[in-house]
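We call the chains A, B and C, going by the order they appear; numbering starts again at 1 in every chain.
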Amino acid sequence: MITYFVSLALLAVIYGIAAIGLNILVGSAGIFSLAHAVFFGVGAYAAALMAIHVTPDILVCCGAAIGVTAVLSLCLAFPALRVRGEYFVVASLGLQMVAATVFNEAQGVTGGYGGLAGIPAPTIFGTFSLGTPTRLLLTSLGILLLGLGVVLAFMRHSFGRALGAIRDSEIAARAIGKNVELLKTTAVVLGCTYAGVAGALFAFDIAFINPESFTLDQSGLILTMVVLGGAGTLLGPLVGAVILTLLPALLTFLPMVPPTEIGTLQQFIYGLTMVLLMIFRPAGLVGRRSARR
Amino acid sequence: MMVHNPLSVENLTKRFGGMTAVENVSLELRPGIVTGLVGPNGAGKTTLFNLITGNLPADGGVVHINGRQATGLAPHVIARLGVARSFQDLRLFGGLTVRDNVLAATENSSWPWQGGGSRAARERQQATDAAIERVGLTHVAKIQASDISYAEAKFLSLARILATGAKIWLLDEPASGLDPSSSQRFVRLLKDATAQGVTICLIEHNLDLMKATADRLAFLEQGRLLALGSVDEILRDQELVAIYFGDKSNAA
Amino acid sequence: MLVIQIIIAGLQTGLLYALMGAGFSLIFGATRVFHAAHGATFVVSGYAFVTCLKLGLPLWIGALAAMLFAVAFGLLLNALVYRPIQRDRGSFFTVFVAAFGSVIVVQSAMEFFFGREPQTVGSSMTRSVEVLPHLFVAPIFPIILVIAVISLGAVASFLRWTSVGLSLRALSDSPSLVEAFGLDPKKASNLAFGIGSALAAPPAILIAMTNGINPAAGAHVMLISLASTIVGGIGSLVGAVAGGILLGLAENGAIAVFDTQWSEAAGFVVLFAFIIIRPSGIFGARITR
């Protein structure tokens, strides 16, 4: 029973890290990405391949995830520099759809539809295993806190101000000397690497990954987490992650829902949540009541 | 030793499709002097600013800033060269507080961190507070910029420019719509700035304000610089006045 | 021959995308609402059609139902979701998330009632006939062509020749002038949503008769229509049509050259290329940032 809750908590932390990353993009920089699951997947694959073929050391694998994700996130940064708002959403959608196909087709790297199995348990400092759910949970919590710290350090100071300026008026931001290209690219790379690290932890958690975990559904899920908790707030994404990770678990306890319909019901609730939130409380659970967005 | 003009443009030209918005404009801004840009609507004044600041690519001509070639540089680079600019439609950062609007203007690095350590950080904070105080916005420093009054917004725009420490200001209708006493306060701030060596180029439709602030005027019409001279000279020229007020029968 | 086959197949899909894109473009142009839930309209309309036919009702009643459900759904979404949000100074973010949520709600509801498998009411019209050596065309192709031309022609004429249509066009150029022109903004937006949503019915019917309607179809169709409006140029109806056809051709071209798996991605590669190189699209106005 304890293991069950620990696994649940671990999943919440993993998605929490991803959600914090998306919040940097959506909440702070106003870069509306529906491709976050792509980088979640890239990080997962990178870490998995490193663990299987080289070493399951968690620092090395997370490093690999960060490195690969950071480079590939430039694919998202590029359109972010060219267009914004509506256009960018569609571009990110496009990236998500193409990536889904790539994950499925790149047999040699990702294992195609079948995915990658047999991901070894993570270790640290050579031989100390982090393979138990509890140890992985504690490690992930540590990474989460580190991630929060970085966000705090950046967003409460000049970086956050600069991103806010860009969101409100790119032209005026340039007029006071802000290098908008550099700032946006930094935000995209930063936000996506969070997803990459989360993906790495995910790969270790489940020990098996396949393209089904990195589709538009997951991008939508992470977006719902950010929106539900409150985009632009510090803890909002975490609140959203916790609630939406617990939701499917809670649904399994409902007696009248047949197991096959749980997925559908889940999706229904996500969708309805988003619609109702936007009508009645667009700032999310943690956000200010009368947020001007 | 050659002293450079803070800002000069030569033969600056911009075409949009079939129409020429700015045509062979050559102009020098002299240090510590307010040069006013006047002309009827659509004369190309704002376009000229956009060409100087790199917001629009020029079709011909050059821009020099402090003796350096500055044609076609990116807007944020021009800003770093010491050219500050205000906009007709203000373009404040509505989601930030008044203070953050100004603080952001002091932060020069576009990396997630600023250089210089804690001493530089303190200096930025002090410069911010000083700028806010100078324009008289200390009482709304913590308010979100989208919530302040129109007049306060105009002064915030000026505070932002003050905070950049720029020595060359391009101001586009900075005081339009201000009540007389605020207007006077604004003019005094501009005069104080020039006394400290700031070079200002000012677009303003309010001729009284122009007379009170400008030391010389440049008259633009249909993209061409028609006249350049002292305020009195320009405003006494019947033909120019006629063009300005749209009296077509007198226009060339 | 293969090239002609690809062109025909591309046109067949492309025209359907064009209709969806045109509907979306009309709505977005007139109301400035990024109606990302237009795909849900498509799904609802398709299922209405299929249900009618499965109940044994004649084709024309099914088609009528498809049209009615499409329009009703579009208007409902406008009234219940978009308008309340816009009342509260909703930003693009809020509108889009709500639309995205609506798509998911519809998708899961349809999944619940109809299951995940595509529902189709295939007929002999969808079976390909070899008209020339190695050239297969289904009888439904000319029908699609005719319906598309008629629908788009009707809408274009409406926009061009009627005063109401004219006001919708004026609306898309200057949204703030609505009331200055004596137009009731509510009526105008309902009109836009009504007509735009009605344009989703023909594609829904045709897809129901060919590939079949499944709950997830809305998302894919919507993505492609979004892509076609961007490729063609947002704000241009002609552009949406051109974009739709281009993407239809790209998709089918990809099937011929690469694997079928890449067909879906092909459209998005084109979209991505346009966003990087020419965000204003083929016919769109220059984008100011």
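Keep this in mind: a residue touches a chain if its C-beta (ideal position, glycine included) is under 8 Å from a C-beta of that chain, and two chains touch if they have at least 3 such contacts.
Everything numeric in this text was worked out from a predicted model, so none of it was measured.
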Higher C-beta contact count, A-C or A-B?
A-C
Report the chain whose CA-based centre is farthest from the CA-based centre of subunit A.
B
Distance between subunit B and subunit C based on Cα centroids, please, to the nearest Å.
47
Return the distance between the CA-based centres of subunit A and subunit C, expressed in whole Å.
31
Report, in whole Å, the distance between the mean C-alpha point of subunit A and the mean C-alpha point of subunit B.
43
Hey, what residues on subunit B touch two or more of the other chains?
none
Which positions in subunit A are in touch with at least two other chains?
171, 292
Hey, what residues on subunit C touch two or more of the other chains?
none
Residue numbers on subunit B that touch subunit A, as the complex places them
53, 55, 74-76, 79-80, 84-85, 87, 91-96, 100-101, 103-105, 107-114, 144, 146, 160, 164
Complex contacts: residues of subunit C adjacent to subunit A:
34, 36, 81, 84-85, 88-98, 100-109, 111-112, 219, 223, 226-227, 230, 234, 259, 261-262, 264-265, 268-269, 271-272, 275-276, 279, 287, 289
Along subunit A, where are the residues that touch subunit B in the complex?
154, 157-159, 161-162, 164-165, 167-169, 171-180, 182-183, 186, 190, 292
Note which residues of subunit A are touching subunit C in the complex, please.
26, 30, 32, 78-79, 82-91, 93-95, 97-98, 101-102, 104-105, 170-171, 216, 220, 223-224, 227, 231, 261, 264-265, 267-268, 270-275, 277-279, 282, 292-293
